[in-house]
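Next up: some structures, all given as structure tokens.
After this come two complexes, each holding chain A, first together with chain B and then together with chain C.
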Partner chain A sequence: MFDPSATLQLIVSGLAMGSIYALVALGFILIYNAVGVVNFAQGDFVMFPSYIAVSFVLPSVIVFGTVVHWQLPLIATYLLVLILMAAFGLLFNRIAYYPLRDRGWLPVVISTIGVSIFLRNLAQLIWGSQPIVFPSLFGDASLSAGNLHFRPQDLLILGVAGILIVFQYGLFEWTSLGKQMRATAQDRATAQLLGIRVDRIVAITFIYSVLLGAIAGLLVSPIFTVTKEMGGLISLKAFAASIVGGFGSIPGAIIGGLLIGVVENLGGFYISTAYKDAIAFVILIAVLLIRPSGLFGERVSEKA
Partner chain B sequence: MNRRALAVAVAAILLAAFPLVVKSQYILQVGDSAIIYAVAVIGLGILLGFTGQMSLAQAAFFGIGAYASALLSISFGWSPWVTIPLAVAFTALVGALVGWPCLRLSGHYLALATIGFGIIVQLFLINDKGLTNGPDGLTGIPPPKLGPLTLDTYQTYFYVVYGALLLSIYVAWRVKHSRIGRALEAIRENEIAAQAMGIDTTRYKVLAFVLASAFGGLGGALIAHMTRFISPDSYSFDQSVVFLVMLVIGGSSTITGAVTGAILLTFLPEVLRPLKDSYIMVYGAAVIVMVIFMPDGLIGLVKRFAPSFEPSPPRPQALRAPVPRTADTAS
Partner chain C sequence: MPATRKKFLLASAAASAAGLAFPNVVLGKGEPIRLGLLPPITGAQALLGQQEQEGAKFAVDEINARPGKVFDDRPFELVIEDATSDNQSAVGALNKLLGENVDAVVCPVLSTQIQAMAPVMKGRQEPWMTGGTAVKNTQLGLTNIFRCRASDGITAQAMTGFAVEQLHGKKIAIFHSSEAFGTGGADQVEASLAKFGLKAVAREQYPNGTKDFTAEILRIKQAGADVVVGYIQNPSDVAVILSQYNSLGMKTPLVGSPSVGNQTAIDTAGKNSNGMYCAQDFILGFNSNVATKFVTGFYNRYHHVPDVSTGSGWVYDAIRLLADTYKKIGSIDKTKTALALHQTKHWEGVLGDFTCDAEGNMIHAMSIGRIENGKVSLVKKVVVAA
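Showing the complex of A and B:
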């Protein structure tokens, strides 16, 4: 029953999927740390850019019921998507968060839910309800080493996610912007007293989170088909990953994401394909019950 | 009987005429559904509005109630009058089993754990084909009978759901204005202080969770015998979100708010239907606008612009927090 080469392949593709969860989880955590709210639209920030990308990359795509042939070079498309999503992140911050910033977490949660409903149905309105296939950059051929076969897209995901994580580490450790972001997340009032423009830093954090989602979307869409629902399960599993790792902890989100990616891939193969999608949540509930602060979380006692 | 109780009684009697006045089957169907959703949302209100604990699994309990009642009535041929209460009891039991470990958590953590539970329930409904018939769903669920009368039209079924709604409102009202309700409110306002005053917070939170599940189960069982066909996709995470939005838009800490939110947001998509493909998109935007411009929900808005609607004497507003807060955000 145990098959070493299949297991190794499952681990690699699990790590790739796990990196996607990790990127989305980072998006969650950065916003959560900055403003204390879980952003329920994070999954749609994976879905929407994927749609934008396919409309510029594919030879012909139906947009608003008319066929378009934009077909830009891939790099130009990626840049365009990132610019558009950065603008969108700012808009999201101004509309869905800023007016509600002094009203506790629940109204903001509801407003991000509104954004999520809006984006999904905007996507359906623009691109219709047919799933769209994003062609892999590398075709369908797999890389072989001995009797091991890897999807090139998985390796690309691992590479890009690795670079992003290093980039983020550098940003947070060595740049003034990163330090301001950390200070704001840690204690908003004190950060403001120190002269940090807190609202601006929060807006930048939103933009950065949206971009993380967009990159995850661009990376994952050749593996998934692009549908308006594609972000849903990814974001819920990323949630689970961030809890498993310890909510609020950046290394925790990364390790939690990778762990869930690998375990669900192995579980889907060795235990049950039908319940593969449940594995992440079984891990989540188990971790919550045994160690609610997560694997890397600080043990937080609630403030009175 | 004070003026407020009188107003409620008059409204209740007027609403009972709804199926006699409205002849459109379509509007009646939406109306029945709205009332059923209101039952589930009242339950969620006990948990979120009264106690300040957020659940995103209300649709899962709705689904458990629907499947339990449907399976019992199909497999054993029992009357829905028997299977609906059994389904409610079963859902409450599941709620207790899930709530007891989960309610050691609070705030976002609780919300996330309930999301996980909801997804697992839905996957179970889809995959356990032997019991639930998988994605194809269950058909042939019997409608309830009253003597010689089969309650299989939206018109007659209205009175079943309406009765359930009145019962739910009564139970929720009794809970709110009892020792339990005050304990729940104390937990919502400050859990540590509540504990210090001798309230067994875990026990009361589990109780609120069980009540919320039971109301969800009741709603689910009612919808199963109305549509007489159920399938797993109606009990998704998205539906749980819809219940939450209904509650918050209506005004989460009052029963009237829960009922109003459920009815408004069930009819809103139907009103927006002439917009064709874009109607759910507009609905999403409307949710954002409403949450920004109605800080205390629809009920708060009504109170602000029509103070005379409130019976005299005015209640001290300061005792009422506009938004339920949990300890982790009350910094």
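Showing the complex of A and C:
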């Protein structure tokens, strides 16, 4: 039975989750376009900065079994996290990718899996196994109008994700750096011939991808609680989203993420919650059957 | 070389002399009793693993510090293997543990892992101590498994009875995690509801680690439920569920499984857990002297309140019960130990009175508590005959 108020709430929360899937999917796509590999640590780039952030947001946190009091103002914490994660993105590029760049795609993929396992275990070692609550800017308040109830954090996620998507469009379309990133993604050899410092651009792409994950983490932490597994399911759905959108397509990753977020919510409500998670993958299979290159992917024809 | 009468007599004399000179070695006096522990140290359930290890180390240190240790000056020695959070790894960890000559095993708390490990456990004599609450765990054809917590049958009966009789629920919805624990618990709730002539108006499930429960909660709302019975496995999921429950304007009372009253869950959920009900093996301030002593000692050692029922308490009880049983029979013979554990009657543990039934269930009571300002207070106690 159609329920308009429930449908509206499901769409808003679906779009919010979908925005997170989209940000993580963009991280997948940017690294894939730059170096031709899937980064399996992308979900952990959501988790790790969230842990760093709570260490500075809360009055006291247990770090390596010792209570520390590092509290900083929220904005200072966000800036610190972004700076640290940018440095981490560069380190990730130099350690996990750069030494293996000429050995084909498989060693790099294995290397990203290694980084994922390392980050999860490092998080457990530093912060322990207890889930940690990230305080919301809005406290426990919810926005209500009649039968409609929304979390303010969902609306914040939608707003920030929207701004980021516009920023990214501007970056790629109107800046020299963005054009160099696009050129490197399209054809590394030609970009190098044109004088683009490809390794530097790839390193910047890694940093940008890590930052996208970090922003996603900072946005969802207040509604998720911070645990070392928090990025797992997100990255799985984001990966599905990037394939639905057409692997390699930036608009595809965004639309794919939003589509999965909304459809799994509506499907869970109108069909069955037992199949809610399966719905993302049913969409994936359906899209691949009808349009194997994804919704926005380029058709690739093979010559005989 | 053929054995001769002379050689046999010489060997016997040497053995007797060794016995006189080193009686402790021959009788096993002072020799450690190897106790296997299979907590999920890594993976999604690492929190439970941390709590289990804390409970185990606390119990072992306490027993080893007492005069005579377990018995005959024999201390416990913990042998720990990581069961992680999946079934395949748990089976691998168990096989490794069994290769290390352990005398008894404290199994994982996750029912799904116990059920996966059962084929390896079958035919072996080690006493298996567990806190896994799925009813099926003690119906796997193992005669030497002992459950140190109330089963889901008792929990579901207590939760459903409370929802119907105390909260006057007529339209009850079930909300549960989709793995063995949550599904088994939800089945038990349905069976208990049937005894009241009721059928759940909604049964919604989610996989562990889900972050958006809007669809599940709105379906329960749409079904017009007047009470929600929640069978939730992960304490870390509880905070997310309760936060969304409140933010979606749900005023329907929720009666949750023990993880809802888990101290970590309460601390994480904060104000969102106020007014919720939960089934509890243990409620702080309402149990025995053993419990008070445990909670005080634990806090002094670890500087945080223990998660008694789901985490450290049942492990502490399991190890103390084993120690008392070994002491009573003066042996660590596996068959004799299992037999003696089956004869347990009114042994006082942190989680209450331990009396073993034919299946190996030790606890036959469950309390319902109400959460308010970070604490659980007793509302009702349900005792089922052993």
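Assume the second predicted complex is superposed on the first by the 297 of 304 C-alpha atoms of A that agree within 3 Å, B and C clash if a C-alpha of one lies under 4 Å from a C-alpha of the other, contacts with A are read in each partner's own complex, and residues count from 1 in each chain.
The rule is simple: a contact is a pair of C-beta atoms (placed from the backbone, for glycine too) under 8 Å apart; a residue touches a chain by one contact, two chains touch by 3 or more.
What you see is a predicted model, and the numbers here were worked out from it, not measured in a lab.
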Joint occupancy of chain A by chain B and chain C, clash or fit: clash
Touched partner set for A:Gln9, first chain B, second chain C, both or neither: second
First (chain B), second (chain C), both or neither touched by A:Asn121: both
Which of chain B and chain C A:Ala274 touches, first, second, both or neither: both
Which of chain B and chain C A:Ser142 touches, first, second, both or neither: second
Contacts of A:Arg151 with chain B and chain C, given as first, second, both or neither: second
Which superposed partner A:Leu259 touches (first chain B, second chain C, both, neither): neither
Which superposed partner A:Val38 touches (first chain B, second chain C, both, neither): first
Which of chain B and chain C A:Val220 touches, first, second, both or neither: second
First (chain B), second (chain C), both or neither touched by A:Gly232: both
Superposed model, chain C segment overlapping chain B, candidates 38-46, 110-118 or 272-280: 110-118
Doubly contacted chain A residues - partners chain C and chain B: 121, 124, 232, 274, 277
Touch list for chain A against partner chain B, complex: 32, 36, 38, 40, 95-96, 99-100, 103-107, 110-111, 113-122, 124-125, 232, 236, 239-240, 243, 247, 274-275, 277-278, 280-282, 284-285, 288-289, 292, 300, 302-304
Footprint of chain A on chain B - complex, ascending: 54, 101-102, 104-109, 111-113, 115-117, 119-120, 123, 126-127, 190-193, 237-238, 241, 244-245, 248-249, 252, 277-278, 280-281, 283-288, 291-292, 295, 322-325, 327-331
Residues of chain C defined as touching chain A within the complex: 42, 44, 46-47, 49-50, 178, 204-207, 209-212, 214-216, 218-219, 221-222, 235-236, 239-240, 243-244, 246-249, 264, 268, 270-272
Of chain A, residues touching chain C in the complex: 1, 3, 6, 9-10, 13-14, 17, 121, 124, 128-133, 140, 142, 144, 147, 149-151, 220, 223-225, 227-230, 232-234, 264-269, 273-274, 276-277
